[in-house]
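Chain naming follows the written order as A, B, C and D, and within any one chain the residues start at number 1.
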Amino acid sequence: MSINVWSILKFFAYVAIIMFFLFPIAWIFNMSFMTNDEILRKVPVLFYEPTFKNYIGLWEGEIAIEGFATMYVYFKQNLINSAILSVGSVSVTLLLGVPAAYAFARYKFKGGEDIAFTLLSFRFAPALLIILPLNLYFSEIGLYDSYFALIWVYQLITLPLLLWIVRGYFEDISPDIEYAYRLDGHSWFQSFWKISIPLAKPGIAAASLLCFIYAWNNFVFALILGSSQIQPVTVGALAFITASAIPYGLIACGIVVSVLPTLILALFIQKYLVQGLSLGAIKG
Amino acid sequence: MSYLDLDNLSKSFKDDKIISNLNAKIEKGEFFVVFGPSGSGKTVLLRLLSGIMMADSGEIKMDNQIINELHPEERDVSMAFQNFALYPHMKAYENIASPLRAKNKNMPENEIHEKVNEIANLLKIGHVLNQFPKELSNGQKQRTSLARSLVDKPSVVLLDDPLRNVDAKIRFEMRLELPKVLKEFNTTVIYITQDFREAMALGDRIAVLYDGKFNDIDSPKNIYQNPSSLTTAKLFGDPTINNFDATIKKQNGFVEVDVNGEHF
Amino acid sequence: MEYDKSFFNLYFFTIIIELLLGLGIALLLAKRNWLNNILGVLLVLPLMIAPALASLIWRLLINPNFGIVNYLLSFIGIDDFTWASHPDTVLFTLIMVDVWVFTPFIMILLLAGLRSLPRQPFEAAELDGVPEYYKFFRITLPMLFPFILTASLFRLLESIQQFDIIYALSQGGPGESSMVFQVSAYLQTFQYTNIGKAAAMMVVLWAICYFLCHVFVQQWHKLKIKTKGELLQ
Amino acid sequence: MSHSKMKSAIDTFLKGKMSRRDLLIKAGRYGIGFAALTKLMGMQVTSALAAQDFDWKKHSGTTIKLLMNKHPYMDSMIAELDNFKALTGMNVEYDIFAEDVYFDKVTAALSSKSSEYDAFMTGAYMTWTYGPAGWCADLNDFIQDSNKTNPSYNWNDVVGNLRDACSWSGVAGDVPGAAGSKQWCMPWGFELNSVTYNMRYFEKAGMKPPGDLVEMTDQAEYFTKNAGSNEWSYGIGTRGSRSWATIHPGFMSAYANYGLVDFENNGGKLKAAMNSQASKDFHKQWVKMIASSGPANWSGYTWYEVGNDIGAGASAMIFDADILGYFFNGNPDNKEAGNFGFHGFTPNPSASAPTPNVWIWSLAMSNFSKKKDAAWYWMQWCNGPENAMAGGVKHNQVNPVRESVWASGDFDDKIRGTSPGYMEQYNSSIDGSKIHFTAQPLFFETTTEWAAALQEMQTGSNVDETLDKLASKIDRMMKDVGLA
């Protein structure tokens, strides 16, 4: 009896969660195949002839509004920019953050905690506070409007996140396992590469995914520090709104397309996320 | 000339002296048991010997070479950890093969295969080589860990209370089996335990560690019969008898034992 | 300041709801099967949409003229819900959208945490026939606590600064009802061009974050040591 | 035959040696209609300009960079940009950002004194901050310099109200355009806040567009009350976000029409006047209208939602920028496109004509530009008579700022063909249109507070009290900067 109640509750929990979190997503997906006329109805249309006009328009970058004007969108370039910025940022973060996280987890050196905390404090440096001075600074040293500068600034968001998540995972690995590997005759670097990193993989995977998402979604840094040539999809998609319409179909379509790379990455990473326990018994 | 020479070794953490001015000379091929109560610094000693920790002062000489400053991977020492420290993401076979791959860069795969199987069969784990550590029983984990420390025939094997985390039956079996296996390798063994019976059963010599140094180093028989101090004697007493709250005092040249108010 | 109250309400409610919901979902999805694996990825979708765009879409979803959410609500008798356009409902709306976007963040971290917990304590508890709730409160929760702290730390720091959802949905209105620190700092910087004043506000914000963060990190260290039982060396 | 003679006549005209009137007379003599004349001019513009006694090639090879808002004006500029490049040999780069974030970008660029951008789009209100802060250049230095400005530029062709609105002395309370004003920007396109209504709905309801605010309120209420069985959802669309943008369109236009002011100016000291009795009465009327028949989620409404709603047929009319109605009417993706009528609106029953508050998309020059002279070449081309004509006739450059474009037959034909009542609306409104706000440096602070107060009143708080509170708050703010 009690098991029944429990599983009924569980069923409703699933339904509620799916409805709340995924229904809007499904509706966005749905809208991406609709015209604005079909989207903006008092009573929603459920059956309509799906149009690929939005997708084609995004791809071609030119949307002709019949007898009125031609709308230009630079979404493809925005997508490429987002990809460069996010992949670049996450790569740099992994390169710097994983060894640093390891150092903070393993070596209790003097001032180590202070450095770790300072790095964390970058994360809560309010963007509005630093963005104007940064703009001034980057203009002065000729870094305004460069991918490099943005990837650098993105580290403020991604590096602390990765550092603090991955650090916890490293701390969970028994140091004896690493010592054992070194006593086998492997160098410090080999034990880091072959033991510590593989064992912290679920944490590194989860942190990288989050870093990627945050880099991908960043808005204000790119907006202020870059020309329209290097704007990511987040800024680009807002430009769909014109003086003659809010093309919701196109915006929905832009969201769908902009989410796809992250979704694919998440699916790819998922096996590591899931791996967590299956390696299990890290402690013995 | 002894093979392993510990000269005035000291190690402390903050203000805590764990090991102070410890001396020992260990012969080649000897089964040297370090016995001491928990918290006496046995594990620290092993870590100093293996290079995981560096001594504050004193010297460790191996074959007349000072090895204090050498990294773990540079010392011809292997170790089996109390908690096994198996690599969870590698199968038992790869766990055991690890030292072979590390120290003999170009060892052909078939030779590795041969050596791993040889030691695995000797330790009766030939049938679990294809399993991950989490799929092994504690006894099998322990044997895998031993196999890993022995497979490359190191000059010195450090065994950190290897029987502590296995159940009584296996412990009993292994106590008989271990000396035989180790003899075949003709290697110097430093074995840590806090079980005096185990120490007596296994050791060629026993060193009794407390107060940061070796207080007795002698054959099991001698230590048992002629302990150099009361503390040693107490440690080697049968635990069931000593299971009372007892105060031991030296009074008027006599030893006085005070148990629940009664004097002996 | 006049917006102290909504400031407090917004952050604390939001984070507590996100934590509880994130933990609940993580527990629900902890067991590995095809449904949970798929949901584990799909439920991250809201986080993958930039908050600025997510808010734009939510504005449409809750638009009284065209919004699907309003349409569906009318079936259960809720007509003319005022959402972000009335002081009584604006906080609810902001929290709802924030929860929608950011619960997945907590969910990912806790799910990864749950799945990396060592098994022995659970196995032992199962052998002893310990009841579920006891297992949850005495084993799962304490072991998960460092993860919970990390997740809430990041959410707290983020939501104290993050303004795009609030700005897109209510600009701090109606009236002053959802005016928070960072929205007013944004207005000072970019609309009023009182850059100095805005910077001063931001420094205060930074100091608050610094303090909160410090407390959190200390707790985090303590918990780590406690849950580990022993710290090596 | 007549064409070649006409060409030389146009040349003479373009060189500024013949008046427009003479040109038209000549054209009539050769039997050339106005439309054909315009086309002919368009073809000849580039070569004609090039033939002027003006060194268009002076900055040949220079690249300037613009910071622009995503807007139809910008689209029409880009469409003609090759002509400019051919004429001057200059290169023009531009960054375009969505309006939602555009001014953030401008503020960031200017406040960091970046020389990245040479010219940018702005509104007149913004220059009340940018100008006194030294962020943008006084364009009088260029307009009045015949060495820098081509002879056919004809600054006086730009509607006078607009020219004035883009200039200011920098002294709080001084009227824009008064003596001592600096030209912080130049008008490029503008918006009059009038009524755009759905003709189909009004016909169905048997109504004519509203004569005054009371009638508008009644009509709006009718539409809202009868929404259930009809296609529409509510009566009147206005903005309601917590922002200056809520105050400046319909609201300020109506406010001014009642003769109300935002501040009383006592010799440079400003006193908030939103809580005068007349203002309170007006607010009550306005709040009653939006609360009873505005959009259900009015507070938060931005210009694009106002446009979106009338475009999709949710609202029956809007009291907002005329061009918003124009653009949504023209875009066939909107359900109700083509059904809109335009109406110059006089809210005050005792007023004689509309008094729209005007929004002007303008061009300003960054004071940090290192290529100001070159940037000025682009600016004088961009809002020069030739390009304004091309924008108005060939593209969607409504509303053009030059009287010559409004007077052109082609433009007239184009507007009348698509937008019933639009020309009449313009003609009835333009004389009364200007910036009805008091020019002062805290414009954005005070109007944002004003919008917040409106939101409070719309959601039920007492109008009198709220306005008293607003006025004292604004007085306090003015006092803090020494203006009260």
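By our rule, contacts are C-beta pairs under 8 Å (C-beta built on N, C-alpha and C of every residue); 3 or more make two chains touch, one makes a residue touch a chain.
Given the structure is predicted, the values throughout are model-derived calculations rather than measurements.
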Touching both chain A and chain B (chains): none
Farthest-lying chain, centroid of Cα atoms versus that of chain A: B
Of A-D and C-D, pair with higher C-beta contact tally: A-D
Distance-to-centre winner among chains (Cα means, whole assembly as reference): A
Chain A-chain D separation of Cα centroids, rounded to whole Å: 40
Distance from the mean Cα position of chain C to that of chain B, given in whole angstrom: 51
Geometric centre distance via CA averages, chain C-chain A, whole Å: 16
Junction residues of chain A - those touching two or more other chains: 40-42, 132, 174, 238, 280-284
Per-residue overlap in chain D, given as positions that touch at least 2 other chains: 104, 108, 111, 233, 305, 312, 314
Overlap residues in chain B, where contacts from two or more other chains coincide: none
Those chain pairs that satisfy the touch definition: A-B, A-C, A-D, C-D
Chain C to chain A touching residues, read off their complex: 24-25, 28, 32, 37, 39-53, 56-58, 60-61, 65-66, 68, 71, 100, 103-105, 108-109, 111-112, 114-120, 146-147, 150, 153-154, 157-158, 160-161, 164, 182, 185-186, 189, 195, 198-199, 202-203, 205-206, 209-210, 213-214, 217, 224, 228, 232
Touching residues on chain C, where the partner in the complex is chain D: 59, 62-66, 80, 82-87, 169-176, 187, 189-193, 195
Footprint of chain C on chain A - complex, ascending: 10, 13-14, 17-18, 20-22, 24-25, 27-28, 39-44, 117, 120-121, 123-129, 132, 161, 164-165, 168-169, 171-172, 174-175, 202-203, 205-206, 209-210, 213, 216-219, 233-234, 237-238, 248, 251-252, 254-255, 258-259, 262-263, 266-267, 270, 273-274, 276-277, 280-284
In the complex, chain D residues that touch chain C: 103-104, 107-108, 111, 129, 133, 233-234, 240-244, 295-300, 305, 309, 312, 314, 442, 444-445, 448, 451-453, 455-456, 458-459, 461
Chain B residues touching chain A - in the complex, by the definition given at the top: 50-52, 71-73, 75, 77-79, 81, 83-89, 98-99, 102-103, 133-134, 141, 148-149, 152, 165
